[in-house]
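Below: a set of structures, written as structure tokens.
Both complexes shown next keep chain A, but they swap its partner, so chain B is in the first and chain C is in the second.
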Partner chain A sequence: MDIQTLLSFEWGMMAPEFTILIVGILLSLLDLFGKDTWKKSLPWLAVGGVGVAIIFLLFQYGHGDISILGNTYVFDSFAFYFKLILLIATLLILLMVISRTVQQEVRDRGEYLYLLLAALLGGMMVASGGDLISLFVGLELLSLSSYIMVGLRKRDVRSSEGAMKYLINGSIATAFTLFGMSYVFGLTGSTKLVDIAREMSGSLGSGEPVAIIGFIIMFVGLAFKISTVPFHMWTPDVYEGAVTPVSAFLSVVSKSAGFIIIVRIFWGIFGNATFGGSDTLFATMIDFIAVLAFLTMFIGNLVALRQRNMKRLLAYSSIGHAGYILIPLVSLTPVSLENIWFYLLAYAFMTIGAFMVIYILEQQKQSEDISIFTGLYRESPALAIIMTIFLASLAGIPGTAGFIGKFNIFVGAVAADPAQYILAGTMAVMTVVSYIYYFNIMVQMYIRKPQLEGTTKIARLQSVPLILCVAGTIGLGVFPFIALNFFH
Partner chain B sequence: MGTLSLLVFSPFIGLIALLLAGKQSDNITKRIAAFSSLIPLILSILVYAQYQAGSGLSEILRWVQFEVGEQTLTLNYELAVDGFSVILILLTTIIAVLAVFTSSWQIKQNSHLFFMLMFLLEFGILGVFSADNLILFFIFFEITLIPMFFLIGKWGGTDREESAFSYIIYNGLGSMVLLIAIAAIFVTAGTTNFSEAAEYFRTSNEAGLQLGIAIAFLIAFGVKLPIFPLHSWMVKVHVHAPPALVMIHAGVLLKIGAYGLIKFGVGILPASFTTLAPLIAILGLVNLLYGAYLALVQEELRSVLAYSSISHMGIILLGVAALNEAGIQGAIFQSVSHGLISALFFLLVGILLVRTRTTNLRKLSGLARLTPVLAGFFLVAALAGLGLPGMSGFVSEFTVFLGIFENMPVIGAIGTLGIIMTVVYMLRAILKMTYGTYRNMFGDMNDLGMGELIPATILLICIVVIGVYPNTIALTVQQTLETLLVGIGG
Partner chain C sequence: MNGEFIAFLILSFTAILGGILMLNLKKVVHMLLSVVLTFVSLAGIYVLLSAEFVAVVQILIYSGAVTIILAFGIMLTKHTARDERTSNRLRAALVGVGVLVFFFTVYGAIDNLFFGPGAEGLHVENTQQIGERIFAHYVIPFELVSIVLLVALMGAIVLARKEGEENK
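Up next is the complex of A and B:
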């Protein structure tokens, strides 16, 4: 590859990634060598960087498909829309980090920032990856940064435990993924998604069983990131151990990246592979994913009923939500991608919002037990109402983004051929189960009396992410067409 | 914004007024609530008048579009009323005003939040009856869940939180079943507008899918009505929720079940409902007899009333199952009549509870000696409930049985047994309470004051007017009824 070809690439398409990379490096250098007085403004630099990246990305709206670096980096509408979710979610989480009032972990502050950005960069590379290797490298960048972020509170036992579990489980999952990829490589002799898809679109012949094994192993490995069964056990421990913004990051950005890579690989490769003559390989494996979706919804929502620690509760609820998002993956209608995207966007706003409220209360009351919500309506009516909005959205009550997301999934499942009534039914029943634990928090806030009389104040900085999340949740719920039209 | 939107959103005036006023003294809060509850009433009378005058009330606004393959699915914000819904809207606003008035002396704590939630509930109910497509109907339907949950859970009696959860689980399941049915209609018919969907299913021949949707409707509205095995939440709500709320709950919310069954079930899927008619008739019979039998052995007045509600809802089911003019007209009559009667009953229960703090029949015995007027009102309400000629209950039961005897005489014959049992349990409960031996457990008690007498009298007048001159309702619903009958006949 000579300098001529290198220069002929449209490097401009990578502007958002470069922005994040440069800001990340800058932050780590400033954190290392900078004066202490500068360090206060470091978070704002990170926020600015992500903001600039969003602006660069928005300029690419409607740009045609491009692939550079020998098809390893792809820009298409899929990459564009999902990167937007990653960036918006990270921006909200950075605002959450800034709002911190209790200064216990001040020494770790810089590290959180550039690790967050590194993880985000990994996620963005996953969204644009056109090659198994670049996808894997992006995923590992995301994973490694996450392991460190979970374990940063090194004097905290739960943090260390969570980091350990996360690392071990994550490594096993990575091994699975690589192992599955090796089957695909063995079958097709290439790591480029385009080439693999072309190779597989012909008759696989005796390679069919190998392709199926590759499919299953790779899916199980990648299921780790989206915390679906069978790799969901790490979720509650890690969320509990990590600092709340990191939990929110794992719950939203990391999970979105997981869905992105799953859609990219499985629709890209196996969606084209013919199997047994007529159907695609993906279509024949739908039952496998459907069973995982069923188990994930079931386990996530039922175990959430027994949780008292708020972060564990949200962890199990996030497992349940991952199960819901698997449904459009299974139903394979033309709206599936749109449904996944919309649900992830809605999920980003409501989950980060809920974590933000927990973060505020956790700092004031030094506890993560559900009792921090007891009598919240007396202490701070505004915070109680805001939390109610997020909970209503998570539960899928009309007027919120969560409802539109769920309704889209229902429509997609019923429109699928053959119709997925069992999955839609499971989702319906599990939604009602989730009412119990979400409404239980509302009971705590409105009906129970607070143990100590006092007021909870929202600091000005804390209100920024809250307002943005409320606007997103309500806005997408009442005017969903804005996002849906944007997607087309 | 048309009159209908104005009406649906009018409870927000009260809500916002209360919000802006902040935490004032109880008196001011109650005054604001009482006055702003009158606004929806005035607007609903206006809507009623416009409907009678025949002017178009429907409104439509573009909302969301889905593209599934070549199909484009559009969701609109569309409101419209027919004869049945306009009457239920009027019923809602009347009962809401009375409930707000009575709760002003029953609710001692947090009245500020209580009234805000009441207005939110009223908003949901008005929306349910004004929505002209299934999605919008569902959205309003779900909106009623949240204020109900808190109203039961915060201001209810001893088992309030358990009742609230039982309410949310049963109704949540019902509404999720409804949501899947709606999604199925949306995808197959490409629309959720009532008349367009009805038009589509008239010509389509997917009998299996239609039957599936019809059963889903039966379950979803069966929870709300409630139909026999799905009723336990409703008894809890009747017994443990604050009486002012039960006025709305028994008076209007349960009628959403009847409204849904008639408007969606019979209206959109007449063919499948004809297939299901025997099942519905048997369920109706079970409701009627089971409710009546259990009402006979209760020791709590509120439990008697809860089971009596189940029994009376059985009559609505019988009317729906008859699937002829008299049957459906009777079911509509019964919805309105039971709404008024149960609102009156729980108004009286609320009045009683303020004085005695119990509704145990044994403890209350000899009530007539202390408060003759209150006891008299109870007796009149009971007579209305058991269907005494000249009151609304009689008209509705009579028309339903007229319809059911035409199509299913055997079911009708067994059903009459329920009517007899109704007389027995109503009179047993009331006589035990008012004319038993006087035990002097409560000391001196005031009889009804002016503020209590007026609401009770208003409800009583409505009951008698419908009983003596049923055409007040019959004429309004005539057109709706004819549209439904065309669907069944075709």
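Up next is the complex of A and C:
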């Protein structure tokens, strides 16, 4: 390959990735050599970098499909829309990091920032990978950065415990994923998704059982990332141990990246593979994923009922939400991808918002127990109302983004062929179950009396991510067609 | 049964033996040595597949670097540590059943697998081909791997540094 071929690619399409990479490296250098007075503005540099990346990405709206270096980097509409979610979520989380008022928690603030950016870069590569190798390396970059971020709260035993569990579980998951990929590679002789799909669309013949083994093993490995039951055991411990912004990051960005890679690989490869002459291989494996989705919704929501630690509660609720997002994956309709995208976007706003409220209260009351919400309405009506909005959205009350997301998924599940009535029914029942624990928090906020007299103030910086999340949650709930039209 | 097949049988047997020994030996240093057995046997299998470069890298990195790092890790910590485990018969039985089920599933899947004629000319300039693939075709993931390495390095420093030292 000579230099002219190399230069003939549209490297400009990688501008968002390059921006994140450059800002990340710049941050680490400034953190190392810069003066102490500069270091306070480092987080703003990170915010600026992500902002510039979003602008670069928005300029690519409607651009045709691009492939660089034999599909190791692809740009298509799928990559565009999902990268947007990753970038917006990371921006909100960075704003959350900046708003911190208590300084003792994590001393190494600089590291924290470029680890976040490195993880984001990994997630973006996952969205843009057209080759198993790029997808895998991107996922590993995301995972490795996450392991370290969880362990950053070094004085806390729970943080070390969470990091250790995350590392071991994550490594096992990686091994599974890679093992499954090796089967697919062995069967088709290529790591390029397009080539694999083409090889598989012909008759697999005696290779069919191997393809199924590869499918299951790979899905099990990736199911760790999106924490579906029974591969969810690490989630509550890790969310509890990590600093709250990192928990939010894992809950939103890491999980979205998991769904992105699943959609990319499983729809891309197995959606075309013929099985037994008539159905696609993916269609025959739908029951496998449907069982996982059922278990995830069921166990995630039921166990959440028993939680008193707010971060553990949100961890179990996020497991439940992962179950909902698996439904459009198995109820194949033309709008499935749109439903996944919309739900992930809504999920990003409401989850980060809820974590932000917990973060504010946690810093003031030095506790993560549900009692931090006791009598919040008397202490700070604004914060109580904001939290109510996020809870309503998480529970799926009309007028919020969560409702539209759930409604679309429900309709999609019923309209699909074959219709997934059991999954749709489970979703409806589990939504009602989730009302119990979400409304329990509201009871704490509005009906109980505060334990200590005093008011909880929202600092100006803290209000920025809150306002953005409220705007996103309500905006997508009232005008969902803006986002949905944007998607087409 | 030709020589290649016999060599494969011996090498794969020692590779599996190393893995089983690692799980069952009590002393950490013995575990380390059994892992080395696995690594070296795998290198032998790579040679059989005419992937000499990968074999040499396997010996250099795994049998060399990784083993030495593990040895240092053992030396600097409690190197007399013994693995005290409580035997749980039920769990052992369940794991055994799982392993057997997996074995028969995979065996059933690959029993009738037909791949067509094997690839020819694998040994022709394969190191050069690997280099060309990595530094031209796969340059984006390759560069990304360097970021992974950077993150791992920074993480090791951040996590290993003692609290309070940064206030100097």
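The rule is simple: the second predicted complex is superposed on the first by the 486 of 488 C-alpha atoms of A that agree within 3 Å, B and C clash if a C-alpha of one lies under 4 Å from a C-alpha of the other, contacts with A are read in each partner's own complex, and residues count from 1 in each chain.
Convention: a residue touches a chain if its C-beta (ideal position, glycine included) is under 8 Å from a C-beta of that chain, and two chains touch if they have at least 3 such contacts.
The structure presented is a predicted model; accordingly, all values stated were derived computationally and were not measured.
**Q** In the overlay, answer first, second, both or neither for which of chain B and chain C A:Tyr446 touches.
**A** Touch partner of A:Tyr446: chain B, not chain C.
**Q** Kindly classify A:Ile148 by the partners it touches after superposition: chain B alone (first), chain C alone (second), both, or neither?
**A** The second partner, chain C, only.
**Q** If you stack the two complexes on chain A, which partner ends up touching A:Val432: first (chain B), second (chain C), both, or neither?
**A** first
**Q** Is A:Phe481 touching anything from chain B or chain C once the two structures are fitted on A? First, second, both or neither.
**A** first
**Q** Tell me the contact category for A:Leu115 with respect to chain B and chain C: first, second, both or neither.
**A** It touches chain C, and chain B stays clear.
**Q** Take the contacts of chain A with chain B and those with chain C, and give the residues found in both.
**A** None.
**Q** Under the stated contact criterion, what part of chain A meets chain C in this complex?
**A** 1, 6, 21, 28, 68-70, 72-73, 107-108, 111, 114-115, 118, 121-122, 125, 131, 133-134, 137-138, 140-141, 144-145, 147-148, 151-152, 154-155, 205-207, 209-210, 212-213
**Q** Which chain A residues qualify as touching chain B in the complex?
**A** 333-335, 377, 392, 397-399, 403-404, 407-408, 410-415, 419, 421, 424-425, 428-429, 431-432, 435-436, 439, 442-443, 446-447, 480-481, 484, 488
**Q** Report the residues of chain B in contact with chain A in the complex, numbered from low to high.
**A** Chain B residues touching chain A: 63-69, 73, 113, 135, 138-140, 142-143, 145-146, 149-150, 153-154, 161, 164-165, 168-169, 172-173, 176-177, 179-180, 183-184, 186-187.
**Q** Across the complex, what residues on chain C touch chain A?
**A** Listed in rising order, the residues are 105-106, 108-110, 112-114, 132, 136-141, 144-145, 147-148, 150-152, 154-155, 158-159, 163, 166.
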